[in-house]
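One chain, chain A, appears in both complexes that follow, with chain B as partner in the first and chain C in the second.
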Partner chain A sequence: MAVVANELPKVRRSPTNTKIKRDTHSKRLARIGWAFSTPALLFVALVTIFPIGFSLALSLSNVSVTGNGFSLQGFTFSNYYELLNSSTWRYAMEFTVFYTIATVLVELILGTAIALILERLTKGRGPMMALLLLPWSMITVISAELWQYIYEGTYGVLQSMFSAVGLGSPVFLGSPTPAVVSMMVADIWKTTPFVAVIVVAGLVMLPSEVFEAAAVDGASSWTTFWRITFPLLRPTIAIAVLFRILQAFGLFDLPFVLTGGGPGTSTTSLALLSYKVMFQNIDYGPGAAVAVSATLLVIVGSLLFLRVFKAQVGKEELQ
Partner chain B sequence: MATIGMERINKVYMNGFHAVHDLSLTVDEGEFMVLVGPSGCGKTTVLRMIAGLEDISSGELRFGEKLVNNLEPKERDIAMVFQNYALYPHMTVAQNIAFSLKLRKMPKGEIRQKVEEAANILGLTEWLDRKPKELSGGQRQRVAMGRALVREPSVFLMDEPLSNLDAKLRVKMRTEVRRIQERLGVATVYVTHDQTEAMTMGDRVAVLKDGALLQVDTPQALYDRPVNQFVGAFIGSPAMNLYQAEMANRGRSLKLGSQVLTLPDTILVARPALSTYSGKQLTVGIRPEDLSARPHLSTSGNTLRCEITLVEALGSELMVHFTIDANLIQVEQVNSQEQDILSDKNEGVARLDPSVPVKAGDKLTLEVKLERLHFFDPTGNAIYD
Partner chain C sequence: MSYRTRTSWHKWINPLNLAVLAVVLFIVLPIYWLVISSFKTPVNVGSFPPQYFPNPVSFANYGSAFSHYGFGKYFVNSLTVTVLSTGLVLVIGSLAGYALARLPMRGKAPLLVTLLVISVFPEIAVVSPLYLLMNQIGWLNTYQALIVPYTAFNLPFAIWIMRNYFLGIPKEMEETSRIDGASAIRTYWSIILPQARPGIFTAGVFVFTACWTEFLMALTLDNSNGFRTIPVGIALFGSPNVVPYGTIFAASVIAVIPVGTLVFVFRKFVVSGLTAGAVKG
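For the complex of A and B:
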């Protein structure tokens, strides 16, 4: 009996001991992890968090600009009042939202279509993917210059093509609606491959047996796409669209190079507007307010989208 | 309802691999045909060709009188159960079962009635609103069966449908699958690598190896009269013991290593060809149940002395592993799945009465049912004439 009594606590203690050991071990691992990531985190704080905080401070201050720089003189909401009363800001906001929705939608449809074709390629899929990724891998400013050359009013490639087939000389970047459409075409050309590649990756992951079952069940290819492929692809598409929304809301380099935001303000996005107000008009307070409004738009837009898709993401994973 | 007729069917893949050779096989209406063979024997390829998921390189496939070689899967009126069930992960159980009916534009009320009926038969009623991932393996399996059940197809195909289930459930589902097949009453092709499944489920069993059909017959006939030593070794568990032997004395005695079995005249009468092997090597096959223990170490013309290496007590019987000094013949692609890797390659197995007091290391005299011996020529073909 005595032996048993002596033995029992020992037996009970041993699992606790290992747990404590494991805890200290994982704590040590965590410490090492933090130690390694601290420099990177400091760097991120310096180039991202500080500027965001600073522009928030700027947007809520009376900023006076002097020859030596600028100084913050007291708290105010006036920058935001100015924003809300500005038709330029309202247009930039509407333009950015419309542009994002339209381009992302077209990219999604085209990208998925391309992905479906690519997935069916048994030979030469690799080279095709590489070719496809060429526009995506190009720096936006460079591709914008390229499109500038295509759209240019006098010597542009498109211009001469149109007149060669007798369609006259349409204006591409010189008037508001064509300028918006032209810019969207350039954007879609560049970013559709990104969507296509993500969707191909998603397609390849889908189990082939499910499609065979659908074939046996009597589904046509159209039905198979809408009833099987698309629902199963939803999480993948959600990720592609989220990335694209984040990027498109930050639209800056394309209009900066192609149109400078014009004609008038017809292609001025929120990001471009913020840049112009801050660095061309040297109006730091309102400029910062525009930047903050753009940030809010990105956050709200992404959250809304995720909310719509949340039901799908993670829920549709394969059995 | 239709028969499945395969006439000299071949499958050659793009890379030149000849997966199926000149397969001719007929499955009657309502018949449960099992295709069995080691992995890579082409059985799944055959099934996929019947389903239309794989092109037929040459030969004719007919459902009834109709040539279906070039029909799409959806035009063939088949139901198929896949190895991983292939349920639609985003649909509920009810939607999974109803999918094919919906595609046929069947009225909603009728669909609901059929789905409920199938769910009732399969015990899935309370799971109808669940998604596949919320179900256990056995339930998913039943949903896959349910999809086939509501279809009322003219041909029913199953590709190793039980292989992902645990052993106990697999045994239970064997009977359920049989029950459902009988209910459907259509020509059924069932693919498995498990010879027990093949034996217990099939009306007839077709044994395939390296893309060729070796033998097709009822399970009992396959067991009793295998056409060659592969079928002999593949069908039956534990597998048939195959020994290299030498025929002597004009077919009257059989030398296994240093021991001699004296064959009765009845065997030679039934198989006169055996006498031509006098002085030659052949393979003799002894099923584990055709061996029994002799109480004493006495020997005669129908006994083999052996040394016991391992005893597995199964309650109703003993599996006794033993060695004799004759060469045991290993049949390629058979032993890999059944044989314990730790066991000696030269071990035979006897299925003995549990009352026999034996243990590893003992010497034992085994009595052989000579009438039930199997003989195979050096090329592996069975000798029956």
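For the complex of A and C:
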């Protein structure tokens, strides 16, 4: 750098020289840039890209477990064949997709409602935001234990509340459909605030003139929401939804603790199935195939979503 | 006087405040249940009908969390792994974030998109290969078994957040410093970093929270009792037949405090991070 500074007067004298100097200068800066970013890129490549490739290789091999390790013997599609013929895998796939769509939809509606309420608050919005961040920052294992205690079949607080109002003793985690719904409620409690916080932040950034104009025109608050607020908020909502969908596709902690995937396999997500096949049945090949299918789901989900989202944005720009 | 207090009290009953109250109850009631259950006696934790307020108030669960279940060790493990991973992410990630924001490198755009794609990959995709690899090199049940993957998994998002802040710093400041003859590292350290402090806080809070709450990798890679982190420890408390809820909730209250405080104090940064990730990313 000192060299460049010393040569500055000379550089000014000749235009061609300037160009050469600038080129070497920017090359130098580019080298520094690579030096600065190499550690991060190496870390990411080694721990994410390399294992994902390895996972793909496992899923396409005959893996045999030996005494203290494993060995790969030849290329095969049998792991995927096994997967496609397994009703457990098909159920896990359907369950993961259905569960994701249902919970994210509820979270979106509830989260937007909460955001609209908070946006009207003139006082105390800061503490309310902090309160919303509390479930978001909670360890999922803890919230799963908490909800398990709330749903408990013999002494749970919900049992007591339901029987107090004369609704008998309902089953929460003991049979398949109620278990799915109960898990959704626990999930919605924990992640709706995340959606709400993002939407509040989006609402605050909207231009106030548009709303003033709508008020002058005498638009009802219902019309204002659907005609103005919602379209303007769409990019914000889209990102919140995308984050949530991708997270929910990897659903693991909640069913692992709350239901163990049961009763039966009724709450077994793809990630939980993959974990069980791999670490409880010690079946690496099929387990890797399940993991690859979960990854594909995430990729397809995000591509689809981005396409729909882009199409919508494009349409608006045309109008 | 009594008339005046009554009107001011009535003034608070309106649809907006009732809605706010409903939101508060929705969030707070389960947390209330967690906290008060941790103060019930071990017997009263399972009483029916349940106690809506602990009577008598007991600290027995807190005692047993530490004495019988080794919660102190889990707390130290979590803190070690989380602090070291967060530190590493901030050091390595801020350098990369600065380079990707400011330095004239070729192929920046594809790199950034790749990072974004990687940041949404599900953990389950890498956990089994990581397990097998770490088994081979003897890393299972060590601190680095979690620190290395936590660092890698949190780098992409942290780089994106910090890059957005670096982009907002006026370019002139760097150029002046360069003309004054400062080296790139020096410019970065004494000119850029102080300016980007909010971005670094934001990334730090996110990475800390993510590491503190992570479960799947901690469960598979550090499962021996000496290296369990809080989520794994709590999930495996007790036996399949007996779930010691009181102890679990006592441990949970202690586990929620560090991140809860961090998020409360830095809530502005968290909100700005959520929207920076959301709006610009």
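In the analysis below, the second predicted complex is superposed on the first by the 284 of 319 C-alpha atoms of A that agree within 3 Å, B and C clash if a C-alpha of one lies under 4 Å from a C-alpha of the other, contacts with A are read in each partner's own complex, and residues count from 1 in each chain.
One rule holds in what follows: a residue touches a chain if its C-beta (ideal position, glycine included) is under 8 Å from a C-beta of that chain, and two chains touch if they have at least 3 such contacts.
Treat the numbers as computed from the prediction; the structure is a model and nothing was measured.
Steric overlap between chain B and chain C is absent once the structures are superposed on chain A; the two fit side by side.
Within the superposed three-chain model, A:L303 lies out of touch with both chain B and chain C [touch as defined at top]. Contacts of A:L58 after superposition on the shared chain: chain C is touched, whereas chain B is not. Look at A:L84: by the touch rule set out above, it reaches neither chain B nor chain C. Between the C-alpha centres of chain B and chain C, as viewed from that of chain A, the superposed structures give an angle of 90°, to the nearest 10.
Of the two partner chains, neither chain B nor chain C is touched by A:V181. In the overlay built on the shared chain, the residue A:L105 is in contact with neither chain B nor chain C. Contact with chain B, but none with chain C, is seen for A:G218 once the two complexes are overlaid on the shared chain. Touching more residues of chain A than its counterpart among chain B and chain C is C.
Closest CA pair between chain B and chain C after superposition: 17 Å apart. Contacts from chain A toward chain C in the complex involve residues 1-2, 4-5, 8, 26, 29-30, 32-34, 36-37, 39-41, 43-44, 46-49, 51-52, 54-55, 58, 69-70, 114, 117-118, 120-121, 126, 128-143, 145-150, 154-157, 159-160, 164, 189, 193-194, 197-198, 200-202, 205, 235-236, 239-240, 243, 246, 249-250, 252-253, 256-257, 270-271, 274-275, 278-279, 284, 287-288, 291-292, 294-295, 298, 302. Taken together, the chain C residues at the contact with chain A in this complex read 16, 19-20, 23-24, 26-28, 30-31, 33-34, 37, 46-50, 92-93, 95-96, 98-100, 102-106, 111, 115, 117-118, 120-133, 135-136, 148-149, 151-153, 155-156, 159, 178-184, 188, 209, 212-213, 215-216, 219-220, 230-232, 234-235, 243, 245, 248-249, 252, 255-256, 259-260, 262-264, 267, 270-272, 274-275, 277-279, 281. Contacts from chain A toward chain B in the complex involve residues 207, 209-210, 212-220, 223, 227-228, 231-232, 316-319.
Here chain B touches chain A in the complex through residues 51-53, 72-74, 78-80, 82-90, 99-100, 103-104, 132-133, 140, 147, 151, going by the rule given at the top.
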